[in-house]
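For clarity, chains are labelled A, B, C, D, E and F in written order, and residue numbers in each chain start from 1.
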Amino acid sequence: MHISPGTKVSLPRDITAGSAIWEHGVENLPIILVVEDDHLVSSVVEESLVDGGFQTTIASSGENAIELLDASDGKYRALVTDINLGRGGIDGWDVAKHAREIDPSFPIVYMSGKDADDWASKGVPNSIMLAKPFAPAQIVTAVSQLLNASPPTAPTE
Amino acid sequence: MHISPGTKVSLPRDITAGSAIWEHGVENLPIILVVEDDHLVSSVVEESLVDGGFQTTIASSGENAIELLDASDGKYRALVTDINLGRGGIDGWDVAKHAREIDPSFPIVYMSGKDADDWASKGVPNSIMLAKPFAPAQIVTAVSQLLNASPPTAPTE
Amino acid sequence: MHISPGTKVSLPRDITAGSAIWEHGVENLPIILVVEDDHLVSSVVEESLVDGGFQTTIASSGENAIELLDASDGKYRALVTDINLGRGGIDGWDVAKHAREIDPSFPIVYMSGKDADDWASKGVPNSIMLAKPFAPAQIVTAVSQLLNASPPTAPTE
Amino acid sequence: MHISPGTKVSLPRDITAGSAIWEHGVENLPIILVVEDDHLVSSVVEESLVDGGFQTTIASSGENAIELLDASDGKYRALVTDINLGRGGIDGWDVAKHAREIDPSFPIVYMSGKDADDWASKGVPNSIMLAKPFAPAQIVTAVSQLLNASPPTAPTE
Amino acid sequence: MHISPGTKVSLPRDITAGSAIWEHGVENLPIILVVEDDHLVSSVVEESLVDGGFQTTIASSGENAIELLDASDGKYRALVTDINLGRGGIDGWDVAKHAREIDPSFPIVYMSGKDADDWASKGVPNSIMLAKPFAPAQIVTAVSQLLNASPPTAPTE
Amino acid sequence: MHISPGTKVSLPRDITAGSAIWEHGVENLPIILVVEDDHLVSSVVEESLVDGGFQTTIASSGENAIELLDASDGKYRALVTDINLGRGGIDGWDVAKHAREIDPSFPIVYMSGKDADDWASKGVPNSIMLAKPFAPAQIVTAVSQLLNASPPTAPTE
């Protein structure tokens, strides 16, 4: 994995046990790519997902997210992205489209406050929009619903 | 919010942080209206939802629930209601219909033991019936599923 | 309940409270039958479900699971089964088919690593396949989704 | 079948062939109960369904529909009902509830113009509301969708 | 309705009867906007929809479709659009996004041969992609499915 | 295509026009493999599908169906199969499993009278069971629903 500036990797607390259980090593636990430029929000999202047993990688800009996806080689199992990603020209809609160009069945969860209404015209098919404010349980359920509905494929190496 | 007798308001434990994160103030976190006249059950439901990151308002009768919905001005994001609400003439089926008259896409979760079979004839479309006994995870998943499937709308003021 | 060798019964931690709340006694809380011959994996699955408020019964072989289902008299609310169950001739596909012969709407969750691709040809309708590695939240959501979608029926005695 | 005043029975045009093919006799072809007090509309609905290969029985009032359902002994496979049924006190919402009390999984299609908005509060779960004006293909698709999604049961005698 | 060059309006064959039945006048029958620059394909699509009881308006370019949508005032009930619309810069993906900006719940059906794989990244949520070649029944079912799933709204004037 | 004894190929009536329209030649129109040993039933099914614009290939035994699937190289777009296929040891459940081993997302529609109840334990995921007697519209809708829900893929050669 290419770790560019703005990337943060989080492991679930019971990572040693998990690694032993799945016998695939740490890098094969389900990793969710979270794209969020607000540290306060990303830490809440991260904590929710880690509590649910997911690993997370945090990208703090759209550019960073695109880089990680391009270098991921199937590493990530789902994308959770804010819409408005600040300074750069790449927003959450763009990141999601890029992820779906790489993998047409990639699970996508958008988070947004004021842009939630644009989901019907700018979102991708079979994605979920979480309108802020949402409860942590909603994000864990959203990611799980999409992963559970995905056609099963062999775990990526 | 009009707080009538029989109403109890619960905030999630990390309410200060939440308020800061969403930048909408406390009253805009997702609030679930729970209607249950049995205090033991309502405290289990409340604890489950608060653990999932929701706020709850408890109404202990159908009459109280109707009052809260009428005065809510979009404050609640979902309704979780018992069917048999004791003394009064207003049961959970009535409360749900009233909520849907105000907002046709309002998420509804019914809880019931002996009345679960009536859901097919007395429930509203796109609602979920939880037959008692159910696990706390089922109620959190039910509320999250319905919220995640709702068409995104701007948070209500 | 017939407890054969290889069966382990787990109660949620708040079982006394739960029993009081539902007023149905312990044996009527939602019990999930988990079939897994790897103790490390079954303990992770069990812990996830118990954290979600479910009770679990663990069967360590396909034969044991069939026995429990035959003697269950509607005791179990869902089946969570590994595919490859080791020595015996009975695998998770067989256990699921048997459960569905007894109850055509029985919720089924499969867990698998290398056999996940066979779900489309060997799985039963309206089931969920969790490809290992999965997060604990995924299994709790999967069981809850299936239970919440089931047509409500009177609790079994 | 009890044929009360206001009931009209229609057979598909190829009824002799159909009867031979299914080897169940005429009364076992899929029969749709259509409740509509406007003859012009009921003839359009009837023609659409018969073109799709269904048989229809037309009830011209809510009272007549209730009678037919009570005497049907499982004869009908789905209900297509107008909301506003004129003079009587029994409207389409009532007829649908009655049908669901008899069979909790009975397929229901409502047709309405001005009352379509009430579906969210007055309709039953897993039903379809067709807002007038609709195309004949919509009603045939609606009935087929609901029948195809129903849990398969042995044909009624 | 503004009829620009490249627009063709088709009425179902029984338009006089239909008009009488629905008592809303011709312009309120369900009209589907079909966007297709190949006359042979558009005539097949049109014939299929008219056989199903829909009216159609044909736009032969993306520009023409945008104009019709902007002037439609809710006249159209669904969009059926080819992806590759020839000379102009506006393709079917653009037309669909525009329709969804006007009405977030607008039913969208895409038709495509070589571009079908792009649906996962370029399509809008809750749309249907028909990969050419498809049977006429698929397009009628697709439009009916989306219309039947739409939240009922009062017919537009 | 290997045509073994017991195979019958049907083209839609407007095959010349269709061929011209799709510009893919006849063999690329959507072909449905129908497996049915009763000629009367298979002719009804065939006529329904051809009326809906599909082509059909009829196999009169499970063995014949397996042969056609093995030699098909992606030629068929869906399978419609009876359960009880007479003399041979191969029934409709087997044919469907075989089709899904070749293509995990292959659309499957079962037709059955007395065996419909076995669908929950013997059917494959995401399939549709049509309990006889069914209307022709149901089979066309079932095939169309499954094809319209499939992830779009490039037309097979």
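Criterion: a residue touches a chain if its C-beta (ideal position, glycine included) is under 8 Å from a C-beta of that chain, and two chains touch if they have at least 3 such contacts.
These figures come from a predicted structure and were not determined experimentally.
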| item | value |
| --- | --- |
| Copies chain B and chain D touch via same or different residues, half shared test | same |
| Most remote chain, CA-based centroid, reference being chain C | E |
| Relative to chain B, chain with the most remote C-alpha centre | F |
| Where chain C and chain D are represented by their mean Cα positions, the distance between them in whole Å | 39 |
| Cα-centroid distance, chain B relative to chain F, in whole angstrom | 46 |
| Touching two or more other chains - residue numbers and ranges from chain B | 104-105, 117, 119-120, 140-141, 145, 151 |
| Of chain A, residues touching chain E in the complex | 97-98, 100-101, 104-105, 117, 119-127 |
| Residue ranges of chain E in contact with chain F within the complex | 40-41, 44, 48, 112-114, 116-117, 119-120, 128-138, 140-142, 145 |
| Touching residues on chain E, where the partner in the complex is chain D | 17-18, 20-22, 24, 28-30, 51-54, 140-141, 143-145, 147-148, 151-155 |
